[in-house]
Amino acid sequence: MKQRILCAGFGGQGALLIGKLVVTAGMIEGKHVTWLPSYGPEMRGGTANVMAVISDKPVGSPIFTRIDTLVALNQPSLDKFLPQVVEGGMVLFNSDLCDKGASKNGICIVGIPLNKFGEQVGDIKASNMVALGALIELTGCVENKTVQDDLKHMLEKKNPTLLARNLEALEIGRKFVVESAQ
Amino acid sequence: MKQRILCAGFGGQGALLIGKLVVTAGMIEGKHVTWLPSYGPEMRGGTANVMAVISDKPVGSPIFTRIDTLVALNQPSLDKFLPQVVEGGMVLFNSDLCDKGASKNGICIVGIPLNKFGEQVGDIKASNMVALGALIELTGCVENKTVQDDLKHMLEKKNPTLLARNLEALEIGRKFVVESAQ
Amino acid sequence: MVTLTVDEHYCKGCGLCIVACPKEILQFARHLNEQGYHPVTCLDQEACTGCTLCYVTCPDGAITIVKDK
Amino acid sequence: MVTLTVDEHYCKGCGLCIVACPKEILQFARHLNEQGYHPVTCLDQEACTGCTLCYVTCPDGAITIVKDK
Amino acid sequence: MGEKILMKGNEAVAEAAIRAGCRHYFAYPITPQNELIEYMAKRMPQVGGTCLQAESEVAAINMVLGAAACGVRAMTSSSSPGISLKQEGISYIAACRLPAVIINVQRGGPGLGNIAPMQCDYFQATRGGGHGDYYTPVLAPSSVQEFADMAPEAFDLAEKYLTPVLIFADGLLGQMMEPVTFEDDYGPQSDKSGWSLGCRKGRKNNHIINSLFIDPYVLKEKTEELFKVYDTIVKNEIRYEYYNVDANPKILVVAFGTVARVVKTAIDELKDQGLEVGLVRPITLWPFPYKAVKEAAKKVEKVITVELNMGQMEQDVRLAVGDTCPTQVIGKAGGVVFTPMEVISMLKENLA
Amino acid sequence: MGEKILMKGNEAVAEAAIRAGCRHYFAYPITPQNELIEYMAKRMPQVGGTCLQAESEVAAINMVLGAAACGVRAMTSSSSPGISLKQEGISYIAACRLPAVIINVQRGGPGLGNIAPMQCDYFQATRGGGHGDYYTPVLAPSSVQEFADMAPEAFDLAEKYLTPVLIFADGLLGQMMEPVTFEDDYGPQSDKSGWSLGCRKGRKNNHIINSLFIDPYVLKEKTEELFKVYDTIVKNEIRYEYYNVDANPKILVVAFGTVARVVKTAIDELKDQGLEVGLVRPITLWPFPYKAVKEAAKKVEKVITVELNMGQMEQDVRLAVGDTCPTQVIGKAGGVVFTPMEVISMLKENLA
Amino acid sequence: MKILAKRPKGLTDARLTYCPGCLHGVAHRIIGEAMEELDIVEKTIGIAPVGCSVFAYNFFACDMIQVPHGRAPAVATGMRRAQPDCVVFTYQGDGDLAAIGTAETVHAANRNENISIFFINNAIYGMTGGQMAPTTLPNMRATTAPYGRDVADMGYPMRVCEMLATLETPYYIERVSLLSPKDILKAKKAVKKALKYNKEKKGFCLVEMVSTCPTNWGLDPLASIDWAKKNMLPVFPVGVFKDEAKRQEASK
Amino acid sequence: MKILAKRPKGLTDARLTYCPGCLHGVAHRIIGEAMEELDIVEKTIGIAPVGCSVFAYNFFACDMIQVPHGRAPAVATGMRRAQPDCVVFTYQGDGDLAAIGTAETVHAANRNENISIFFINNAIYGMTGGQMAPTTLPNMRATTAPYGRDVADMGYPMRVCEMLATLETPYYIERVSLLSPKDILKAKKAVKKALKYNKEKKGFCLVEMVSTCPTNWGLDPLASIDWAKKNMLPVFPVGVFKDEAKRQEASK
């Protein structure tokens, strides 16, 4: 098993964190993982993306040009990376910010209103957690519970409100995928 | 013909100038020449020496460890370089500053009271000119006249007094050698 | 009459001009420009005195002010 | 009585001490030391007041001044 | 051995250095090594150590010189242009026989270049970019764990041989997160009281550290001493990894660091396709594993050097291989990291 | 061609640079190159030029960068530690594609070393001691006349290829006096108005000089362009001298600069004794005359590199010779210049 | 029709790459205006540093060069001697000028090089992500001063104008602020004066501009300006530290 | 028997390598005396620069190191943080400190590093044979200013104490002279004060000593001192530029 996940969005949308939480869960589950951000000289917004790999075997290159699963938080990211998604791959995109949508043969594409859901749990910043929930459900690359436990471990004491919101967002994402699959 | 001349003394005694004037004359006479000072990090007196080569053929190494002619303006220089003088070589030393003198088989050694002669022409600084006159006479590596003309060329306008003194010193050195050879 | 234009190509929606305007006639537009910012627009061109304070504060050279004689 | 010694090993014959001495009792020696300098000597130990001015000016730490009680 | 933590290479090597007893770190910010200085800025005060942001890279390397001369484990880090500025200082540290660790998280060059991962400072690293006859051991990690492990290793080497040691990473290794574990204790530091400054306590003679030897014969002697040490390093400290070299490959690849990872993926995929390619991964770039490359080269038809530059290590590979078999270099400038696919297709061309 | 003048190498190269149209010289004092800056300080005001003593070598190389960007012939000089400090700047000049001349009057290293003549910055000079993928042409004189001639030559090369050019001398060449003659006029400078800054006069678009290429693909392209230029330099500009290579020697020596002179004397004396030794003297160290060495090596039993360091050029010689015949290096550290006698006896050992 | 205000000819058409509300843009604009008004765009060479303004070579309409971190004053020295009839300016951040470039700044000032230095003081390393600068305020946080700048260990904010003003030779040194329209108009005057002095070959001019870095300060543009007014100006008071023209006039 | 004056324990027995009458020797001796009197020879680390005093590692009896040209303050910074209980001093010439070492000097001062800098100002590069220093006087000749220092082109002599005194943090800055026995005694007091402050971990101290270079000035020792009195002291007036201890006392 090897999952090459690329998460991309505007700076501040939390694409990097999605990647980090998913590989952390992978690590906790004993898998081999790498996480590689694109890093720019500019501190000033722009786009940010991260390449995350979760694998049963040691990860050779942390860089890949063929994507198993793409999480696109905005239209430019979707446009840029969709061509790299492999056949049989999956795409999750923020339908609130991608008016044009996307289509490609042989690929499972899911649009999800991340901004709306984010606002729904009380903070648009939580929309990346929605995406994370969806990503996990969609790929099954790590257990939902691992991510939940990890979040609890990190936030239980420090910020229980945030924890609750994140767990809720996670669940919304998961449910959305489950339901849209039906 | 190849003459490897080493001139050495305390800083300020003018050893380097002896070498420079003799190779300049060599150059004027169409010979191949090199002039290489020992250079130290210290601006502070100490000893100074120069390796001068005058040759019919292009000069390979400007550095040599076998000396044809040594001009030693003080005892340490004499002590240091005498062993390097080749058989059939010549040594000219300042008998005013070399109490111990020198001796070595197969070598022509001439002691000459440079300080005294220098004072005699009115400036102890001119004693290197005395040595130069002696050196030329001793080795015949360049013509006396070439050196005289060169000095005239340099000093005639700028400093006729100095020129006169230098020419006088040169002549004293030459004569000394001629006479001591007799 | 004074005409004030904000070039959306340049505007980054920093809002500095809004605060600088003594007439309080500048406001963010609803839409996003191609950089992803809400550009500024002038709500009331007639009220604009042409004092240029908005231009002076704008870090992105987005503002042009012209006076018709 | 004050005894002043100039260590010839160190002295470079710069002459600064000679000028510094208010008693004018320091002078160059005739001979050269192993560095090739004329070292300084004291012409008149008895006249030395032990004021240490010579020591203070000496750049080469060549001077020692001792007082016998 | 502690638990696994997900960390950036820049942070992991900093943490490992601290656990190896480094309490004196001096550096100047530069991308893509900033997480290193920032991590140090946070952690050093917690362990009573010094993290000082110097006024420049030149100052930083000289602060390291000063601290190292006092017998403490001292370290600096930078990226390519900053490392260029440190060359005079590194030459002095080598000449003074002081142990110190220098990390280069390479970026694109020459000039300001860019901040993409590259290996284009190979020559500078392996052939003493500073003046004079000297070398520095160069350790080239290819994973975050290895990057971290090299901190204690570099300090040990530095102290064993009294030499600056370079850890030679790149932006990718610095920025990438991987799980990493640390030892709680990396073993003791060597006793430096025999030569270090300032801890005199009862010692009679004063210690002097110096690299000026005006007399050419003395400098000659000192340099020969230094090169005896280098001989020992060459004898004892060469490190490399063989990968699939036993599988009777037709082609041998030589690659290090980030690139070696990519090549490994390519080799695995080719193996699945029934094609065998071997890899020698130099872990020490100086001393270079000439013999290991030579031995492996004897059994193959061709040796290909793959590196993220226009061809630098390939000189060492050619020096190793000689006329044993043909060699080739696949280099790439600008920081466009090879993809496994790319390497696979290039290797296939050669296997055809 | 003017009359013969007896001059130090440091002075002769300065005079030649001025006659070649150099009017902008920036440097910082250091032995054994001080006569160069001092000569410039005297002469530049006489010809309406600038000789500026910079606050440091780092500043000096950046002043050169600025002047060169304005299209004038700009030069700096230093000695080993100072050249180390210039590495960042040289890398920038190479990346910005600016013509400039840098003189290294080498001394002993590493560290402060000493001021004796050495060749121990060979690696730094030939393999871009700064960061990134770049080279600089390196001219190595072996007499005062050649040292002087290389100033106009270096400027011409620099302008032809838009690259910094290094003149690689040593303390002996700098300090030695030999007769030297100068051309009155070294030919015209190239037209730089197409890219230089500040002489805009009517030009519409502004000129930009830059070495930052954030996009890896752009930096890749720029670097490949640079290396195309290097390919041309390698094709057109390799210079070397054969000495006694036609005499069917058993042994071939490779040596450059000061050392080559000594070797020539040794070869002459051996010839008198009926023993034949050949010499290849690389005049450009980069690009290195690999083919010339290889060709000459084919006819001999052994190739011996003689250099004033612990063995640096010998790598290039081995790269050239491959397994054609055995190679050996005779190096010497500290600045103890080989004597002809010494070389003769070493060669005799090998001839026995 | 009369143009009251318009992007100046001293700037190119390129969109600036600075963060929203970053005052680097204001500094650029007033320099661009001054060049236009003095009609020197065609005879000016600008030097971009390493820092957020590294891309300034794309923004100014004059000839431009990008140079090593901190070395702009040395590069400018080489330029103004190669092209004495040009106006040469450097544009430098506080890290570039007051840390790694200290020696080059001090000595260019001391040689009274006929150049203008525009020094943007935002008390932080913007480009590299918020590390401490020589001008970072006491107790202010930066990524390399995560517990706040400890003056005892890391020094007090460096006041470059005050320091350089002790030198005998520099011609004109002023600190201005970019924190209000009024301040900006004053800053513009200072910038123009500097370039004018350079055009007249008077010598070394330095204009320090108290600026902001909303991104690395973690504040929105407006808040960053308020913060700067409250915290930066007391440590970096605006004022003329040296103006030889004024002095010479007064002494007449 | 009472010893009134004797080569101090802070110096080794080695003969100094300076030229006859060079005041580097005086500076050495008073530092040696101060170390002896403060009983810190065993806990002091001295840093030799590149310059005529490069060999200082052979002359001081404390632990010594020789470091790259101009970088002594950075090396000292590393040392004092590695050995906080030691006294660390640098010994630097005007080229070393005020040219190539400008940035290191300014920033060590600004960080208030607990080190002493002894700065020997002889207005020339001694070691390398008489090139111009940042402190070379107007119109004074040097091998790189063969027509005399042209202030318009090469700048005015840099006054380091005056410049550093504008910084907030440094603890103690004084300029003294070595040009007469009286001056030397005062200089000795300053040196001792600096080392004492360091012993007490007060912070950055710098003592500039107006000195001579008979060899490169082309004057005999006595004449060089007279020349310095006449020409150097007016440009480099002696005095205390900063003394936090005094200030704190006064403000009590």
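Some notes on this structure:
When the chains are written out, they are named A, B, C, D, E, F, G and H in that same order, and each has its own residue count from 1.
Following the convention adopted for this analysis, contacts are C-beta pairs under 8 Å (C-beta built on N, C-alpha and C of every residue); 3 or more make two chains touch, one makes a residue touch a chain.
As the structure is a prediction and not an experimental result, all values here were calculated from the model.
Number of steps on the shortest path from chain D to chain F, with steps defined by chain touch: 2.
The chain with its C-alpha centre at the largest distance from the centre of chain F is C.
Remark: chain E and chain F have CA centroids separated by 29 Å (rounded to whole angstrom).
Chain D and chain G have Cα centroids lying 59 Å from one another.
In this assembly, the C-alpha centroid of chain A lies 87 Å from the C-alpha centroid of chain D.
Multi-chain contact residues of chain F (touching two or more other chains) are listed as 31, 52, 55-56, 58, 81, 88, 92, 96, 112, 114-115, 210-212, 214. Contact of a single residue of chain G with at least two other chains is seen at positions 18-20, 22, 54, 66, 68, 99-100, 102-103, 106-107, 127, 129, 134, 153-154. Under the contact definition stated at the top, not a single residue of chain D touches 2 or more other chains.
Chain contact summary for the complex, chain G toward chain F: residues 12, 42-43, 45, 47, 54-55, 57-58, 60-68, 71, 74-79, 81-83, 86, 88, 103-104, 106-107. On the chain F side of its complex with chain G, the touching residues are 24, 26, 50, 52, 54-56, 58-60, 62-72, 74, 88-89, 92, 96, 197-201, 206-212. For chain H in complex with chain G, the touching residues are 99-103, 106-107, 110-112, 134, 151-159, 162-163, 165-169. Of all the residues in chain A, the ones that touch chain E in their complex are 20, 23-24, 27, 32-37, 39-41, 59-66. Within the complex formed with chain G, the residues of chain C that make contact are 2, 7, 9-10, 12-16, 19-20, 35, 37, 50, 52-53, 55-69.
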